[in-house]
Amino acid sequence: GGTNPDPAQPEQPEGPSQGEDITEGGKYAAEQVYKYTYAEEITTLNYLINTTWIDMSVAANLVDTLVQYDKYGVLQPALAEKWEVSEDGLEWTFHLKKGIKWVDFEGNEVAETTANDFVASAKYILTKVNESESANVVYSVIKNAEEYFNEEITDFTQVGVKATDDYTLVYTLKEPVPYFESMLTYVSFFPVYEPFLEEMGDVFGTANSAILYNGPYLLTEFEPQIKRLSTKNEAYWDKDNVFVKVLDYKYNKEASSLGGELFRRGEVSHAVIPTTNLDEWMTNPELKDKISPDRLGTYTYFYVFNFKPQFDAEYEPENWKIAVNNVNFRKSIVAALNRRAAVATEDPYNPDYRVLNTITPPNFTSQDGLDYTDIGELSALKGKDFYNEAEAKSLKEKAVEELTAAGAKFPVKILMPYNTNSSYWAQEAQVVKQGLETILGSDYVQVTLLPHAPTGFLDGTRRAGNYSFMQVNWGPDYADPQTYTDPFRRDGNYNFPEYTTEVDADGKNIYEVYESMIQEAKAELIDLTKRYELFANAEAYLINNAFVMPLKVSAGDGYVASVILPFERPYAPFGIATMTWKGARLLADPISMEEFENAQEEWQTERENALKEAAK
Amino acid sequence: MTNNEKVLSVDNLVIKFNLRGQELTAIRGASLELYKGESLAIVGESGSGKSVFTKSFMGLLDANGRIESGSIIYKDNDLAKYKTEDDWIKIRGKEIAMVFQDPMTSLNPLKTVGKQVQESIELHQNLQGEEAKKLAVEILNDVGISEPERRYKQYPHEFSGGMRQRVVIAIAVACNPNILICDEPTTALDVTIQAQILQLLKNLQKKYQLTIIYITHDLGVVANVADRIAVMYAGDIIELGLSEEVFFDPKHPYTWALLSSLPQLGIKGEELYSIKGTPPNLFKEIKGDAFAPRNPHALKIDFEKRPPYFEVTPTHKARTWLLDPRAPKVEPPLSIQKMREMEVKRGERLE
Amino acid sequence: MMKYYVTRLFRSFLTLMIVITIVFLLMRMMPIEGYFGSGFDKLDAGQIEAKLKNLGLLDPLPVQLKNFYISLLKGDLGQSITYRPKVDNTKILGDKLITSLRFGVASLTLSLIVGLSLGILMARHKGKFWDKFGTCYVVGANAVPAVIYYLLIQVFFTDIFKLPLLFDKSVPKSWILPILCLSLVTTAYYAMWIRRYMVDELNKDYVRLARAKGLKSKEIMIRHVMRNAFVPMAQYLPASILYTVAGSIYVESLFSIPGTGGLLVTVIQRQDNTLVQALVLLYSSIGIVGLMLGDILMSAFDPRIKLSHEGGSR
Amino acid sequence: MTRKKIMNDINDNIDPSLFEFAEYDETKSELTGYSNYSFWKSTFQVFMKNKVAVALLILIVSVVLFTAIQPYLPNQKSPTQIYINPETGLQYRNIRPNDPSVSENFIFGTNSIGQDLWARIWSGTRTSLFIGVSVAIFEAIVGITIGALWGYVRKLDAVITEVYNVWDNIPTTVVLIILTYVMKPSISTIIFAMCMTGWLQMARFVRNLILIIRDREYNLASRCLGTPTSRIITKNLLPYLVSVIMLRMALAIPAAIGNEVFLSYIGMGLPIDIPSLGNLINEGRALMMDPNQRYQLFFPAAVISVVTISFYVIGNVFADSADPRNHV
Amino acid sequence: MSNKECLLEVKNLRVEFGKGKQKFVAVNDVSFNIYKGETFGLVGESGSGKTTIGRAIIRINPAASGDIIYNGQKISGKIDKELDSQVTRKIQMIFQDPMASLNERAKVDYIVSEGLYNLKNYGSEEGRKKKVEQALLDVGLLPEFASRFPHEFSGGQRQRIGIARVLVMEPELVIADEPISALDVSIRAQVINLLSDLQKKKGLTYLFIAHDLSVVRFISDRIAVIYKGNIVELAESEKLFANPLHPYTKSLLSAIPTPNPNVERNKIIEVYEPKKSHFDYDSNRPKWVEIEPEHYILANDRELEGYKKIMGR
C-alpha cells in the first residue's frame, strides 16, 4: 500500500487577512517587495527543455507540480490532492485538485489544469527534436519512455503516462522506484497546457507571454538582460502562503562587485557578498550585523584520483598509474591535504561550516528519522579529521617503500587542473599545491597546476582523463542515496575507478568489491532501511580506500546580505523546492550571523521532529 | 622712379633666430629705403635673407626669430617695436601685403577661390556680402582670370599653377595695400606664364599705384620689372642701385659673379663663370666682408673689416673695399664688360 | 561615381563573405561541451546527439557551410541556439543595438563637443596651460586602464552627486554617468587628434597667407584651420558613430545597460554560433559601410577628393 | 668718378698694406658652410629638453631595473607562495600594508589568500612588461616585414590589402577567445593572441609610410642604379621609419598591458597563479567598494599607471623630437 | 652631323598612365635619335612629358607602344637579365632635386658606391674605395666627404654627389632631368660646367631635360621642343634659335628672360594658342616631317607649306 500523507495545510500561520498586522510586530517588512540584481539571465522560459539552475529557479515559481516539499523537507500534496502506488510499486495514480487555473502573464484565465497537461509535457520532453535536457530523468523511470525517445516506438499511448480522466493521472514505471515522488518536483514532471504549447510552437517559452502560469507567481514583465518582474498570482490555489508580492529582479553584469554597495544603499533586498569582500563586511561595525551565511546546499565537492591517466608524457602518466594504485600513496595525500585551509579560500571565516567528510551531504535524505550520513559505516567518518601531518608522513614512508618496489619514480608528478573562470578554485588549487608539497615534500610529490578556460573545461580535463588529482562535484537527481553513486559507476567519466589494479587482502580488485556493494544496495527496493545502510557502507568503503576525498558542500551564495530568512522557504535536497518563494517573507532588518545560527538550530530540531512525524 | 617720397625706411636691421639652442643672425644690419610707386627687386642666393628681411616688415617672422636692433619706419611708426598681434593687424594687408612663392600651397584648399579673395575685401575695404563679391569678381578679372564669375565658385585644385598665382596676387591686391611684397612670385612657374604674371603685376602696379618689392634670384625677372635692385648676400644688402646701374655697372664682386654665371652671357663651348664655395655659416660671427672667402678678388682687408657703403652715384652704392681709392683697380669679369659694350652698341643702334 | 560605389560594395560583399566564412569555421573549432549549459554532465549520449543533430553540427562541414550560405543569402540571420534558444537573432540584436546606439551617439556628441573644444584650445595655446592640462587629460585617459576609473566614477560620483548607481531607462538622471564614462576616452581621443591636425594645418602656407592678409589668429582658427583640421577626422566619424552599436563592455556591465557591449564575448563563450555570425556580419558591415560613409563625408568636406579613381575598400 | 664712403671717413687709419689681394684658395671655399646637424643628436637634444619625459624615462628605467633585481634583494617573499599564519594554520589574509600586528612584514600587505602583494606586484610588472615588450617586438617585426612588402611591392598590394580587409573585419574577440581555447592559457598564448591581431595596425601604418616615400626621387635613383628591392627596403626605406616605428613600439607596450587587463576582465587572461598587472587589477577591482581594502587595487593600479603613462609620454615626446620640424 | 653614330633611337614612343576612363597619355607618338657624344636638349612646359620620356628610356615608366633602341638593341618591353644589367649600367639618370634624390640616412660613401654594390665589379673593398674617391674628385669634391651625410652639403655639392653616383657606373648615356632647376642661380653654373667638363673627358652622351631655354641653348647640340606629350620641333640648337618655325617654339623663345633691363622692358611675348594655330587639325592631321636636314617639325600639309615659305625667305 502506498502512503497517503494527510493533505493538511502546512503549519504556517493563517494567511494574513485584511487589517491584520502583516509585520507581526515589526519582525517583517511592511512592504513585501523583493529587489535583487542578477548577473546571469535565463536563456529560456521553456521549462520543459532546460535544466540550468537559473532557468529552473524562475520556472519553479511560475508553474506548480503534483507534489511539493514544505520548509522541513516533508513531502506535501500540491496539484495532486492525493496519490497511491500499486502493490508492485510500478503504477502511481495521482488525483488532481479541481479548479486549478492556467492563466496568462496578465492573470487572465485560459484553461484548467488537468491530467492531460502532464501527459502532454511528457510527450514533449520525450520527443527528441525538442532537445529536452530533462528527457533522461523521465525515461530513466517511466515505462517505454526511452524507447519512445529513441523512436523505437512511435505510439505514445504505450508510454507509461496516462490521463484516465481529467483529474486522474497514472504513471507506470519500468521498475519500482522508491524515490519516485521526489522526482516529481523536478521540471521534467511539470505540466503544460497542450493547446497552448501547440499554438506557440517554437516560440513557446521565449517570452513571458509565451507560457501559461499556474504557480505562485506571474512573470508580468520580462525584458531579457534588463529585468524580470514577477507578481503574485492571485489565482494561485495556495495564495495565502505567498507573502512576497513582487519579485523585482534587475539585471547587472557586475552584480557581484556592486551588490554589496546596492544593499548598503537599500536598493536591493539581497546581495551576495563575494569572498574577496568578506573582510570589509565582517569588520566594518556598520556592516557586520547585516551579513549572514547562506544555507548549505546539496552539491558536494570532492577530490578524485584518476585511474586512467590520459595526459601528456611530460607529466609521466605511467608513473602516476603506479602511484595511484597504491592505497598508501592516496591516503598520504588525503592526510596531507588541509581541507580547512583549502575551503578557507572560499569561506575564510567559517570553513568548518562547509568542510565535508562524505560524498552525500547531511540533510540530504533520511530513513526512520535518521540522517543518511549517520547510517552505517558513514557515521564513523562524520567526526573524523582526515588532515593529519604525522599520519601523512608515516603513510608517505610506507608508500615510498612500496612504490619504489613497484618501480615508481619520485617525485610523483601530479597534474591538477582548475577552471580559470572561478577565482577561488584557482586559489584553492594554489593552497592545495603548496600544502601537499610542503607537508609531503617536493621530493615525494610535485604538483603542476593546469589552468583551463571554461569553454570545454570538462571535455578538456576530467572527461578526457587529462588530470591526476582534481576537484570535481556532483549534485543529486532524486532523493535517494543512489544518486551520489553515479559518478563512480563503471564507464562513468569522473575518475575511471574501474581501471584500478589494486587488490585487497582477499585478492579482490577493490573496485569490484565496491561495485558489488552498490549492486546489492540498488537491488534492495523494498527494505529502505537496509538499502540505505548498504549505500552508506559502500560510500564509506570508497572514502576509506581513498578513491575519493570529500571536501565540501555547496553553500548557495556563500555569504549574503539579506532580509530573507532561508529557513522559511520550502526545503528539499534536490529539485526546485528551495527555489520557490512560497512561504518566504521579507524581514524588517537584515539577518545577522547570530540570527541565522539561531534560526538554523531551531530549524534543525524542528526538521528532525517533522521527519519523525512524517515517517510514522 | 616717379617721385622721391619715402614710404618705408629700414635702418641697420639685425634679425636673429634661435635654432637648436644656437643663435643665428639672418639679417646683419641691412638698410633700405623704399620710394612710393617704385619697383624694387631684392636678389641674392638662397638663404641670403631676402624673405626674412621682408617678412619682418609685416611681423611674420617665425616664432623663434626676433628683431635684435634697427628700425623699420613706416608712416612715422617704427614697426621694429611692434610686438602684439593687434599692432600688426593694422599693417598686414591694409598697408603691406605679400604674395608668396608657392601658389600650390598658398591657398586654402577647402574654400572657394572667390571666398578667399572676398575675405580680403571684407577685411580691408569696408564692403560686405554682395558688394564685396562684386569687387572680388572684378579683381579676379583684373588679374586675368577669364570667366571670373564661374571661377569664383571653384576650388584652388581646379586651377593651374599660373592661375593660382594670379589668385594669390588678387588676394593681396584686394587688401588695397600701399606696398606689395612679392616673394619669388614666379619661380614655380613656366617661362611663358612667368612672363604673363610679371606683366600682370606691372599692370596692377599702375592701376592700384602700388609700391612693389620683388624678391627673386632670377636676374632675368629682375631686368624685366625692377626700377631699382638690391643685391643681398649673407643677410646684408651689398649693392643697391638703379636697374641699369646694377646690370651695366656692377661694383661688388658678388654682383659680378652673379651676373657672369648666367648662361645667357656664357659662350657656348667655354666654361661658364661660377661662384665657388658655399655661403657663410650664419651661426658664426662674420668678420669682414662675408663674401671674401669666395671672392677671387678679395683683399686682405676684406677678412679684417667690414666694408662700408661706397656711393657710386647718388642712386648707386655698394659695400666693397674695392671701391676704396686705396684699393687696386680691378676690372669686372669679361662677360660683364662685354654686356656693357653690347648695351652701348644697342643703344647706338636704337638711336 | 555611382559605379565606383557599386563595385566597391560588391568587393566589400566578397570580403564580408570571406570574413564570415572564416568565423564560421573558427566557431566549429570550439568544443561541443559549450553548446550545452551547466547540465551537460547529466545528459546522456542520446540527448547530446539529439541536440547536436538538431543544430546541424553533425553534418559534414561542407554541408553545414552550404546550409549556412543558403540561409544567409535568404537574409535569414537565424535563431539563437544557446544564448536565448529559438529567439530570432534579429530580435535579440534589435533592442540592444538601439540602446547602445543611443548611448553611443549621446556620448559621441558629448565627446565631440568637449574633445574638439579642448583640442582647439590646446592647439591655440600650444605649450601653454591649456595645452598642458589637455595633455595630462589625454595621457591619463589613454594610459590608465578604464576598468579602474570607471569604477571610481561610479562609486564616488553616485555618492557625491546623488546619482543612481544603475541605469534605468525611465530615470533621466541615470543616463548621466554612463555617458560621462563612455565619453571620457573618446573625448581625449578627439582632443588629441584635432590638436595634432590643427597644429599641422597651422604650419601650412595658406595660414601664412591668411596672416599676411591681416586676419587675426582667432579668425584664422575659425575660418580656415578648424574646418581643414576636421577633414581627416571626418573620414572616421561615421564609422565611429556606427561602431557605437558595439557598445562598451565595461560601462554597460557596470551600469546595467542592456546594450550590445560584451555581447560578442558572451556569445562566443556560450558558443551561440548563429548569433556570433550575426554579430560579426553586423560589425563587419558596419565597418565597411562606415568607411564608405566616411569617404563620402570627407569628399563632401574636401572638394579635392574625388572617389572615382581606384582605391581599396579602406 | 667720385666715390664716397657713406659711413666711414676715408681717413680711418686703415693700414694701406691691407689693400692687397688676399690669397684665394678654391678648395678652401668648398669647406665653409658645413652644418653639424645630426638627426639623432638633435632628436636627443630635443627630447632632453622635455623635463617631464626625462623624469618619466628615469622613472621607467628605474622601475624596469628594480623589477629585474627585486627577487634578488634580501627579505623578498615569493609572489605565489601563500603565507600561513603558524598560530591558526590558516592563510594570512588581507593583511594591511606593513601591519605591525602581524609577525611577518608585508610591505604592500597581502591579498585575500595570503600572498605577498609587494612580490606579486613586481612579479606582475615583470610579466606585463615582458608581454608588452614581446608583443611590441613581434608586432614590429611582422608588421614591418609585411608592411614593407605591402607598401613597396606593387604586385602584392592587392593581395595583402584583401587579406588585411578580411583579417581586420574579424572581430579580435573572436580570434582571442578561440585562440585561448585552442591553446592553454599562458603567457605565450596571450602574447600570441595579441600579436595575431596587433601586427595588422603596424603593417598598415608602415605601408602607408612607405607609400609616401616609395616614389621619392632617391628611391627612383636607387632603382636606376639597379639596386635590388630588398636593399631598397632595408637601406632606403626603413631608416626613415625607425623613429616612427620606435614610437609605435613604445605605444604598443602600454596598449598590450591595457589589453592584458581587458583580457583578464573578460576572463580570458593569464591563469591566476601567474601574477600580472592585469590579474592584480582584476583581483583588486572587486575590492574597490571596500575602503579598507582598496590598497589592493591601488598599488597595482599605481604601478600600471606609472608604467603606461611613462611609455606613452616617452613615446609621444620621442616622436615629437624625432620630427625634424621640431629640431628648432 | 648625320654621319654621327646613333646611340639611342626612340621610335613612336607612347606612354600612358592609368587605366580605362582615367587613362592619360603623357607621351604620344614621339620619335627622335640621340647621337653618340652629343647633348640632346628636351624643353617644354611643366607637365609636357619630358620627365616621362626620360623615365621611359631608363625603364621606370613602361612604354605603351613604340620602341626604344639602344645601340641597335631593343630595350623597351621585356628584356633578358643580361641586357637588363647592361643597360642599367650604360644608361643613368641625374635627378632634378638634389635634396630629394639623395638618401638622407646614408653616407656619401654608400650613396656613391650603391651602383658598385649592385654591379659587384669593384674587386676588393679597397678597389671600391678608390673608385668612390675618384668619382668624388671627378666632380670636384674632396674624398674625405665620403664619410659625411648628404644634409651637410649645399645644393650644388649635393647635385655633384648625385653625379658622382652616376659616374661610378661608367655610363654612356646620362639622362639629366632638370639637373639645375632646383639650384640657386649662383651654383647652376657649377653644375653646368661640371656636366660639360665630364662630357669632354668621358665622352658622355646627354639627354638634357630642362624648361629653361637659355640653359638648354648653352649646353645642347640639338634641341627638341615638346608640348603636351608631342614633340613639336627638333633642330640643331642654333638653328632652332635662329629660325624657330613652330608657333609654340616661337612663344617659348620670346619668353626667355634676358638680363638686360632695356631689352626686357620692351619685350613682346608671343602667346601660343593651339586652337588658333592648328584650327584644321581635325581634318588635316599633323605629321612628323623633316622640313630640312636635321630639322623636324610636327605640322600638317597646310602648315608645312607656310613654314616652307618662311624658310624660303
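Worth a mention:
We call the chains A, B, C, D and E, going by the order they appear; numbering starts again at 1 in every chain.
What we mean here is this: a residue touches a chain if its C-beta (ideal position, glycine included) is under 8 Å from a C-beta of that chain, and two chains touch if they have at least 3 such contacts.
Chain labels with UniProt names: B = ABC transporter ATP-binding protein; C, D = ABC transporter permease; E = ATP-binding cassette domain-containing protein.
What you are looking at is a predicted structure, and each value in this text was computed from that prediction instead of being measured.
Among the remaining chains, those touching chain A as well as chain C are D.
Chain centre most remote from that of chain B: A (centre = mean of CA atoms). When the interfaces B-D and D-E are ranked by how many C-beta pairs touch across them, B-D comes first.
Chain centres computed from CA atoms place A at the largest separation from chain E. Here the spacing of chain C and chain E, counted between their Cα centres, is 54 Å. One inter-chain figure worth recording: chain A and chain E are separated by 91 Å, centre to centre, where each centre is the mean of the chain's CA atoms.
With centres set at the average Cα position, the gap from chain B to chain C is 55 Å.
Contacts with at least two other chains are made by residues 154, 157 of chain E. For chain D, residues that reach two or more other chains under the stated contact definition are 30, 33-35, 37, 177, 181, 267, 285, 288-289.
Listed for chain B are residues 276, 278-279, each touching two or more other chains.
By the touch criterion stated above, chain D contacts chain B in their complex at residues 1, 3-8, 10, 14, 16-22, 24, 26, 28-30, 32-35, 37, 42, 45, 327-328. Contact residues of chain C toward chain A in the complex are 30-34, 36-44, 46-47, 50-51, 54, 79, 82-87, 92, 95-96, 151, 154-155, 165-166, 169, 252-256, 258, 262, 269, 271. Of all the residues in chain D, the ones that touch chain E in their complex are 27, 30-31, 33-39, 216-218, 220-228, 231, 235-236, 239-240. Across the complex, chain A is touched by residues 80-82, 84, 89-91, 93-94, 112-113, 177, 180-181, 184-186, 267-268, 271-273, 283, 285-293 of chain D. Considering their complex, residues 161-162, 165-166, 168-171, 173-175, 177-178, 181-182, 254, 258, 261-262, 265-267, 281-282, 285, 288-289, 297, 301, 304-305, 308-309, 311-313, 325 of chain D touch chain C.
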